[in-house]
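Take a look at these structures.
First chain A sits with chain B, and in the next complex the same chain sits with chain C.
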Partner chain A sequence: MRTRAAAEQTILRVNLSNGTMRREPLPAEWTRQYLGARGMHSRLLFNEIPPHADPLGEENILYFGAGPLDGLPVGNGRMSVACKSPRGTVAEGSFGGFFGPEMRRAGVDYIALHGKADRPVYLYICDEHAELRDASHLWGLTTDQTDDALRRELPDADVQLRYIGPAGENGVHASVILGNRNNSGGRAGCGEVMGSKKLKAIAVRGTGGIGVADYPAFVQAYQTYRQRLDLATSRDAWTPVWSTYGAPVLARLFAEQGNLMTRNAQQMHWESDKAVRISAEAYLDRYVTKAKACFSCPWPACQKLHTIPDGEYAGWQGGNYWAGQPVVFGSLLDIDDLDFVLALSILCNRYGLDIFHVGFTLAWAMECYEKGILTRADTDGLELTFGCRDRQGLLELVRKIALRQGFGALLALGCSRAARQVGKGSERFCLAVKDQELEAIAQRSFYMVALGVAVSEVGPDHTRWYPPYPCNPNLLPPEELAALGIHLDLKKAFEGRNPEEKGKLLRWFSISRAVVESLPGCVFLVRDTLGLDMRPWWQMFRAATGMEVDYFEFLKAGERVINLERAFNVREGFRRADDHPPYRMANEDVPVFGFRRLSPDIFDPMLDEYYDAMGWSLTTSIPRAQTLQALGLADVAAALQACGVEVEA
Partner chain B sequence: MSAKTLTLRYVAHFSTISGCLEEVYTTRAASVRQLIDALDQRYPGFAAALVDPASGRLRLNAAVYLNPPAQPPLSLLDLDRPLEDGAKLTFW
Partner chain C sequence: MKRLYVIEDLCNGCRLCQTFCSSLAEGVFSAEGRIRVLKPSGEAQDIPILDCDGRCLRPLFDAQTPTCVSVCPTGALLYEEAAAAAERRLLLAEARRRHSLFKVVAPWKWPFAWQGMPPQKGETP
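Coming up: the complex of A and B.
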């Protein structure tokens, strides 16, 4: 296989209904306009999925995509997976691991999966060769069993895999796609859609290389990027902590700061000794067997492999204890036993379940149980209280969610649909937006997070604006920020509970992170000044692709991506009323420190400011015609109008 | 100067330097800076991980979070801020 230019972007189209395949280049100007990965997917989704297509029908298309920096040291193996979500919105998520670079080495930058197979299949790609293979023997297997089986079948150790578990096969809400056993992605519905297509897995192996257009310029820009992230030179308090201990350090910090969702966010304060028991430090002491970062990541300990050494779950193996698990299986359920928190997480990965779906839906069910809305007669006899003493019963319930059995069949719907089915006021305890469960970051103390979660086109997804707090806003003087196109009062913008400037701040974060995810790079590596001064990313893109793009034109790519994703949702009928926080966040004050609910006097002005900054209608959230025109997206305005959508001038 | 009882929380590498995750600590230190100096006597290397020797300010790759009694937490920039009895500090 030859060395390919980084700028080259080829799509492999696979029709699962009739087994045909073809490779075709994507238009060269799209690389300039949308960069790659998430950005390219935003254009493909809008162009190729017909309005109101059945998400689980033949017309939905599932895309896997890398981008121009994937396979180079800065791409970090990040990639995007996208389709129309079963909840009607855009479904797009980012993956880590090694699959993206391997796709590029095989000469495939995007895979578009059209139609539906009539029996389980997997897609095997090896350089120019691609074929659909029977996967009947894999259907029903857990993800670790699938990984083992495919590795026996495809003995090349460098083959990279993506697969679904039983949850995706069974159409469970928010089920995810996994690879490397522990890297999951696509929680907005990609696993369900992959299952509906009867596609169990994709295996890819490539032997080519990726060439950069201007090697010395790339190295120079890469060195600046690395300086921002290396232990000795990074000017960011997160670098030493995350690069050595990883994200779960947050739980202990947040526990006593009013920032940790506890008992389904009825409380925001967790006892310190409980937080210590499930802390990153406790994790490192007892469980970690190996650091295992994504392809070429400069932070080796961000991801880790672990084994539960003894006790009830002795020998259970997994990986990636992130900031999410200590919340969704810890404080949210009031469980402070790290063996059990890890067991829940391992089980979710084995079954291809999304941890946020499972954690928030269990928390909703526990609150319903404690308030008498659900009883033992509903829960298959399980005493479903917070801190659940019946550990075996809870693990069994997680299995039942994946298999849609008994009480698990209700929870498999996700907490929004389950609450609508149960009624009796249980909707008030459901922590979801656009029918998708929240993630780990508190909202009533970080207003920009609340806004970002509410407006996200894919439902709650922290990667859209991560990190939400300042590295150090004083690192760049105001004149330099203005020259970089950032016209914000950063002091106000970074005050957690001041609604002012949050709309403008979120606009900047959304655009800059859309750029990072389209190159692609990792948003967890947006540290030091890398989230404000995007020049190192821009310089690496130019040097890699050889494309002469002006800095502000480069940033416009991020703006196009968000407008396309918004336009997709608008075409499906989503409007301003869908961009709101969950009932609890909007109606209940935090019982510590006087943190207030996100009442309309706080939330609405932030939302107005965001829409205004984005150039969208304040009443409908639809991008204005002039906004789309200025981004070179006049065709999008025309397409919306053709569907009967009223686009304001 | 009266003694203050503080709760100190050590995150990540600070827990390696201190050898513990949390402790209740009684001190006569008047400011956060004096507290850091006192802790450096107990845990050699503690101050160097937090304070830039050239400027005397908090390093850009370190953070101290302060919960004054019954108040919301704040990220501390001024090491000369007076300490209050009952405060909780997180070294990050």
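Coming up: the complex of A and C.
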């Protein structure tokens, strides 16, 4: 068996235009500076994608990447996928499953896909062997059909796959890449870019092993990490709930607190009997057939397989019910039938659509329909009201989005671009930032969410910081928190509707998540104190790679990643004016609960505080020269200046 | 004599057992464990296969418990006498009759009290 050191990081460069491939090692120093996965991608994106490159052209590069902890029992199979988004920003997303470890075992830590193929292809990697194969027979297949077809074609049951569905092939906004049937990632447009390269799938099989530098130290650090996450020993109330019922428990809690986006966020509360019908408990009772997990996850059942047992969709199979589905297909559309919610979600997975794009765009269209901006003539005859009675029609519409047919072609643009096309004031109920649809968490009651959504470099994405249920800082004594570099007024920081301390809090959370996603580890597995006290992650990284790195130097990697991603966006022309809440959140109070709109007097001070904490210009959001210098990113400042960007001292 | 038992329908396919087992001899993490989780049809099935009597090469977390059993998150692996293993099976069956939570986790892995819960709908006390 071939053994590799955990610190080794190799990239396989594939030129799809002419079919050439080569493997090259990445600089060893980069592992220290950017760790791996998302971090390494931030550096590669900035260095290798030319400014103002056409996102759907030959110059854009699609990266798949694992990191130093992948393949070890802590990587959780997480991996990153990145490219330039068709919306101009950085596009980066994280996957679960088994693909990352398999890449590592095959001796490939990163795959860079350059150029464009002239006919559909898929990439097959088996240890040292790599080849591009014809995929004309797979083009047009749904993701489950692609999975089946490739498994028939490739002899080994352990081969790991990543593929796009018809949505990615047809260039639908926010289409995703899937794998292991139900794990998806890259909603900032990675599926669209993969489709533009005519790459249907990647298959990888590796038989090697990964050695750690200091095994006893690694096992010891693992033990601490495991204790914080184990059901019996975790000091976090979320641990047992999330690891079994999963995140959809939130919909029911939020429904009565004014935190659940209902009917395109026109209301923020939902009748509790409706919320109960689509709750995690109802899901577990009726649909779940089996617990599932990503590679080496310490939790019993964060994922599940489900089958709809009877009724109109009897026998439909799928997997995973997260915090997103009960909102985007439930309360947001006012649908309280879990059969139908799951059917919509299964259909999105089959076609490679992003559920947030589909949910928010449908909700926008429903509000337009109810307000008379869109009529039956526009919707191909579908009565598109909230709580849609014509279920078959709605499922058909989702198919049409993926195939860009009829009314679906408009919705395939995403709600921002569709609203710009339709006009008539419909932009006011489009819930998107940087042309990307929101995610499922309320903003006017959780100011940190509002700020996080607005500043995120990839568009709204709750995995960039902590949703409103972060680690509990009271688990650590104040002096220990201070020693870990966390200087916050905790009371203010954790008050949902208090703008104070939010910028500093978000800075800490963004950095800690960037570190976890770069190792990579799972952003769900930061319960107990693992998101505040990063020492177990640091110890595992040191023991695995054998690199001597100081704790604060280790955390700096996260800061570097965020600065590089921000610098990429700045070079593409994004500035402070692009970091704002959606119109509805900034201009309408929450009905019934009376939570105030995010007017400039609330929002701007938070934004100032965040930019200030990050060391960025308050007027433009461009990282200051001294900030970049201190992070060892002086070349980034120079590159920005070379493009005519004014970098403040 | 204690030996290893597998409760197949509790296995979630994470392969922690296999990954840790592979590392016990030389500190190299791979797929070459004495316990393996087969996935013959992609993700629909997870089938743990044992080639081990439970005398662990290196019990990492508890001297009396094989490493694979210590790291299993769902309770799908047991290291028990035959009678005790049978009891665990019965406990699981009973728990599953009472609550759907135990479709996905073993009752001995669930940290909160569950026995003595009120009878389910349609059940006579």
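Descriptive notes on the structure:
In the analysis below, the second predicted complex is superposed on the first by the 645 of 649 C-alpha atoms of A that agree within 3 Å, B and C clash if a C-alpha of one lies under 4 Å from a C-alpha of the other, contacts with A are read in each partner's own complex, and residues count from 1 in each chain.
The rule is short, and it goes like this: a residue touches a chain if its C-beta (ideal position, glycine included) is under 8 Å from a C-beta of that chain, and two chains touch if they have at least 3 such contacts.
Given the structure is predicted, the values throughout are model-derived calculations rather than measurements.
Aligning the two structures on chain A places chain B and chain C next to each other without any clash.
Using the contact criterion defined above for the overlaid structures, shared-chain residue A:120 touches neither chain B nor chain C, since it reaches no partner.
Once chain A of one complex is fitted onto chain A of the other, the partner contacts of A:304 are limited to chain C, with no touch recorded for chain B. Once the two complexes are laid over each other on the shared chain, residue contacts for A:558 go to neither chain B nor chain C. Using the contact criterion defined above for the overlaid structures, shared-chain residue A:244 touches chain B and also reaches chain C.
In the overlay built on the shared chain, the residue A:67 is in contact with neither chain B nor chain C.
Here the apex is the CA centre of chain A, and the angle it makes with the centres of chain B and chain C after alignment on chain A is 60°, in steps of 10. More residues of chain A lie in contact with C than with the other chain of the pair chain B and chain C. Touch criterion met: A:256 reaches chain B, while chain C stays clear of it. In the superposition on chain A, A:352 contacts neither chain B nor chain C.
Touch criterion not met for A:186: it reaches neither chain B nor chain C.
With the two structures overlaid on their shared chain A, chain B and chain C come no closer than 5 Å at the level of C-alpha atoms. The intersection of chain A residues touching chain B with those touching chain C, taken from the two complexes, comprises 231, 240, 244-245, 281.
Of all the residues in chain A, the ones that touch chain B in their complex are 231, 234-237, 239-241, 244-245, 249, 252-253, 256-258, 272, 276, 279-281, 445, 472, 475, 593-595.
Chain C contributes residues 9-10, 12-16, 19-20, 22-23, 26-32, 38-44, 46, 60-61, 71, 73-75, 100-101, 103-105, 109-112 to its touches with chain A in the complex. Every residue of chain B that touches chain A in the complex is listed here, in rising order: 7, 9, 11-13, 15, 21-22, 60-63, 65, 67, 70-73, 88, 90, 92.
Within the complex formed with chain C, the chain A residues making contact are 1, 3, 71-73, 98, 105, 147-148, 151, 157-158, 180-182, 207-212, 215, 219, 223, 226, 231-232, 240, 243-245, 281, 284-285, 288-301, 303-305, 319.
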